[in-house]
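What follows is chain A paired twice: with chain B in the first complex and chain C in the second.
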Partner chain A sequence: MNAQTILIDGLRGAVGVSAVSFALAAIGLNLQFGYTGLMNFGQVGFLLAGAYGTAIAVEHGVPFPLAVLIGILSAVVLGLALGLPTLRLRGDFLAILTISAAEILRLVFRAEQLEGFTGGVRGKAGFADPFFSWNPLPRGRFGIGDLAFDERALWVLIVGWLLVILSTLAVRRLVRSPWGRVLKAIRADEAAPASVGKNVFLYKVQSLLVGGVIGALGGILIAVDAQYTNPDYWLSALTFYAYVALILGGVATTWGPVIGAMLFWFLTQALDTALRQAIEAGYLGGAVDTTDTGPIRFAVVGLALILLMAFRPQGLLGDPDDVVVIDQ
Partner chain B sequence: MLAVLTLLVLAPAGAAGAQAPPGSTPGSTPGPAGSVPAATGSGTAIVGTLSTASGPVAGAKVKVLQDGAPVGEATAGADGSFRVPVPEPGTYQVQLEVGSLPAGVHLASGATGALDGVRVFAGRDKNINIGLERDGDAAAEVGPSFIERLANLLLSGVRFGLVIALCALGLTLIYATTGLVNFAHGELVTFGALVAWWASASGGLGLPLVAAAVVALIIAGVFGAVQDVVLWQPLRRRRAGNVSTIVISIGLSIMLRNIFLVVFDGNPRAYSQYATQESISLGIIHAQPKELVSIFVCVLALVLTGALLRYTRLGTAVRAVSNEPQLARASGVDVRRVIFTVWVAGATLAGSGGVLLGLTEGVQWNMGLRILLLIFAAIVVGGLGSPIGALLGGLLIGVVSEVSSLWIPSDFKEVVALVALVLVLLLRPQGIMGLRERIG
Partner chain C sequence: MSDARATVTDPILEVRGLQRHFGGVVAVDIDHLSISRDSMTALIGPNGAGKTTLFNLLTGFDRPNQGSWSFDGVDLHRRTAHAVARTGMVRTFQLTKALARLSVLDNVLLGAGHARGERFFEALAGGWRASERDRIERAEALLEDVRLADKRDDDAATLSGGQRKLLELARALMAEPKLLMLDEPMAGVNPALAEFLVDRLVALRGRGITIVFVEHELDVVMATADHVVCMAEGSVISTGSPAQVLRDPAVAEAYLGIRQTARMKTRGDAADLAAQHSEEPG
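Let's look at the complex of A and B:
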């Protein structure tokens, strides 16, 4: 076992593009779930909308920056379509409905009949050339020792982490505003803000929209990095992994979703490398092979989610009181 | 037109049977998971069969081009089949030389003899259909009639819907007594099927499938009991809230599913018995015996559970705990024992649903997850917490999704079911049998 390789792989995961997109998805969830108490289980639908909105717009000749805007608008449209009819329903209905909506989107985008528009199961590729042509970095590798990225990866990461920081600060500002105080009041008890004349429904829709748009940025970023998107990447499991990241870091905290996403990817990547090394060194006696590392890793994620929620629902940074308020 | 296309798909079997691949089952309706066409022949080619409702069309020429340059051509054989090998995966154009068609045969209305953008993937023959008609065919109406297709889709929908109902009944009982929306219910379904597969496989216990199914049900019940004692009872004692129990059930679902994947790997499997069966025909209904057995077993299990709920002391206690847990406790009902029983019963029902689903659709590590949303749809459509609602909701979801393929492509079956869920939530959120107070 090589502790240094494990550490490096973990760190690469913690700052990598997956961590960035998880952080953005979790920041959105934090606004919806952490501050407003909305159980949005369809966050991946917003990521899909952002990614496909951008990719399809580019393909139809829209300039790249405008295409990104269309990706964001697609998320807004999805949020309205999802929020307007459903946000009057109770929490667990909302959960079932949002997860269904995300799954409907995925199935529609993979349907053969719409291949001309969506690309079907093969998805869309090669839509982000302008983004990489704007890369100001010289060619080369940047970093310390083995933890280095080429100029292309680093360019994506710089933009990505900038988006993460901006979104975090924006959400912090929002939740400290009077608007945010209404959200927190809704989370505690809808009747209270309603009784002083606040339109609870409208606030919920706005929270869903803003959180969805931040999630969509994460979807756009990961599609741009890969220059590729296909429907089966956007599985509901992704929403749940984002929840794990959020709860790990701490719901209803400013930096919880970011720290959580980094920790999530640090742990899963480090575990993956450690498992591979253990298998290659024969410590596990041939009971599992290297194709099993992925599932084992996610089985551990599942177990971690159970234990976290049972024993430390406030995560690393959270306040137990916030959790009690959401969880009633 | 649709009838012609359906016939074309089934044509190899209809054409004298000589070239029909051994595994094909003409006349059987595709299962809800959709049937995957098997790869035939070696090398990659564009293949197809030219036929009309009254038989194969021989001697017609089919050309394959790429970017306008000819790649190859073939002449349909006596059975109407043609095969044009292509050098590599890619996108091709296929043209039927309309002039080479025998006298009296012409393109079906709406069909085209020139197909653009035919995509061939590596290692897999691309099957194409060209709709043809022979003069007088349309009047003869040889293909399965609308009524016949409707009847078979209904049967298939009822079979699938009953399996969903079986799974949904367990979920709705657990919800009614504990308030838990269990996202790990799909894994109980998978678990039943995997145990039955293992118990019937020659590498496992090697039992006949019927005995293996009994073993699977017992182990599934034990699995439910263990889950309740180890996980859910302690959480109830701590009065864990709605949100944290849902999140914990999601964690459990992720964990179990990935353990299944490590232990059983990702390949779909079939039970060693009854994997393929000859269809039998009852009038216009064509079905494999196992599909009819599945319907019978579901009805039996549902009636039995219903009778237990309605006529036994325990059943009365379950209903009492569902309606008013405090009152039930005050009246001397042992709530913990009732919930424990519901967990065992719910897991057994879900396991039996899994065993039956494996019979018709195969066994795979994520089969439960694939139908989880349909199970949710069934209980929401029927009314959360209502056992009759679970039955009605399951049937509705099964039938609507199957029968929809009469009009819209069967790729959208699941979408149709989920759209039905969304519509019900919007128009009548309490569901068919639900109470208004439950929607909050």
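Let's look at the complex of A and C:
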């Protein structure tokens, strides 16, 4: 086994486009769940809305920047459709509606009857040419040693990490403002802010929308990178991987979702390579073959999360006081 | 039974035909109730009398089956809780809402009305810090008032039950209410702190704030209230001065059931208590 290859592959995962996309999804969840207490279990639906909104708009002749805006607006529309009927109700209604809506959205987008509009199971491809035509980087490979990217991948990553940093700073600015104070009050007990005149419903809708839009950026980015999107990529598991990233890094912390997403993809990629090497070297005695590495690495990440919950429930960056059960 | 309309002048709050039932159970059924401006009104009554339900209805946290009420000339029927609070009627809760993971100072700052930076785009644009400084000053003064100044930066979850009551009072005052509705402000507060809290409430009357409070300790009622409203089984059974209400046989009956002997005994107690306090103003 080659430790260096494992490390390089892990690092490639930690800075790669999946990490960027999950970081954005987790930053959105952090605003919704971490600071407002909203249980959005359908974050993947916002990613899908962003990706498809952009792809379909481009296909209808909309210029690329405007198409991205339409992708974002699709997430806003989804947020309103989910939030307006449920955010006046108890928190569990939002949880149930979001998880089912994300799944319904995926099934609708793969439906044969809508193939003319959505592309059905084949999805959409080749909608991001303008984005790559703006790439200012010269041809070549950039990086340190084996950890290198070609100009195309690096262009996506530069834009992606800029979005991550900007979203993180925007969320930090928001949660440290009086607006954010109301969100945290809602998280603790929404009757209190209501009793002093805060329109709790409006704040919850805003939090859901802003978090959904940040998630949509992650969806747009991953679709742009692949120049392709199909419905079966947007599985509910993605929402829960984003939650894993958020919890790993630390809920309601500024950089927790970013660190968590990087760690999540470092672990999965490094494990994947390590498992492959172990199988090829015959260490596992043929009990597993290389097609099993996908499920196994997620099982190991799951185990890591369980251990984290047992020994450091606040995540890497979290405050231990935040997870202590408070005697009211 | 005294007539509410006879004793109340210049009402700040007027309730008409208010009804709330849960299934077949009548929780609140009030023909008429008024609260005088600048008064300190104690709402008493045995457990299950409907006091908290009445609070919830009046402040928009619950919806009545029928009835209407107006506050300072504004019809509040069908307004949501936050809209009611914005008219100047601010409540606290029987089970205090000290907001965990927020500092004591932030708990009070939350009460500020129309605070700059509370709207999404203001928060994103910034430029709210100057006005926040003024709010912090006001919040610190209120914390000083309720002896929580040294807890300013602590998590509100670390406060004792009594301190949480005081914190909630400070938050409600931060909203600059015209009418303060306090649901059992003294419950669970140790006697020394309760005495201090009573002093704070009495001091508030001088600032032009009308107070309605739910209270079980008749001593406290006698010492602080100038009006008493007694509820039983959802209805108002007696209103008037503390001495009048506590002398009302209907009140003793409501508290101790219908047994004649028990009634006679408490009537005596209530009368004694009324006599004790009769020379004190308010």
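General observations
Here, the second predicted complex is superposed on the first by the 320 of 328 C-alpha atoms of A that agree within 3 Å, B and C clash if a C-alpha of one lies under 4 Å from a C-alpha of the other, contacts with A are read in each partner's own complex, and residues count from 1 in each chain.
In this text, contacts are C-beta pairs under 8 Å (C-beta built on N, C-alpha and C of every residue); 3 or more make two chains touch, one makes a residue touch a chain.
A quick note: this is a predicted structure, and the numbers were derived from the prediction, not measured.
Taken together through their common chain A, the two structures put chain B and chain C side by side without a clash. Contacts of A:93 after superposition on the shared chain: chain B is touched, whereas chain C is not. Once the two complexes are laid over each other on the shared chain, residue contacts for A:180 go to chain C alone; chain B is not touched. Of the two partner chains, chain B is the only one that A:302 touches; chain C does not reach it. If you count the residues of chain A touched by chain B and by chain C, you find the higher number for B. Look at A:170: by the touch rule set out above, it reaches chain C but stays clear of chain B. By the touch criterion stated above, A:2 is placed in contact with neither chain B nor chain C. By the document's definition of touching, of the two partners only chain C reaches A:193; chain B does not. With the two structures overlaid on their shared chain A, chain B and chain C come no closer than 10 Å at the level of C-alpha atoms. Contacts of chain A with chain B, set against its contacts with chain C after fitting on chain A, overlap at residues 326, 328. Chain A contributes residues 170, 173-174, 177-182, 184-185, 187-189, 191-200, 206, 210, 252, 321-322, 326, 328 to its touches with chain C in the complex.
Residues 39, 85-86, 89-93, 95-97, 99-101, 103-104, 107-108, 111-113, 237, 240, 243-244, 247, 288, 292, 295-306, 308-310, 313, 323-324, 326-328 of chain A touch chain B in their complex. In the complex of the two chains, the chain C residues touching chain A come out as 59, 61, 80-83, 85-86, 90-93, 95-102, 106, 109-113, 115-120, 122-124, 126, 128, 132, 155, 157, 171-172, 174-175. Within the complex formed with chain A, the chain B residues making contact are 181, 231, 235, 240-244, 246-248, 250-259, 261-262, 373, 376-377, 380, 409, 411-412, 414-415, 418-419, 421-422, 425-426, 429, 439-440.
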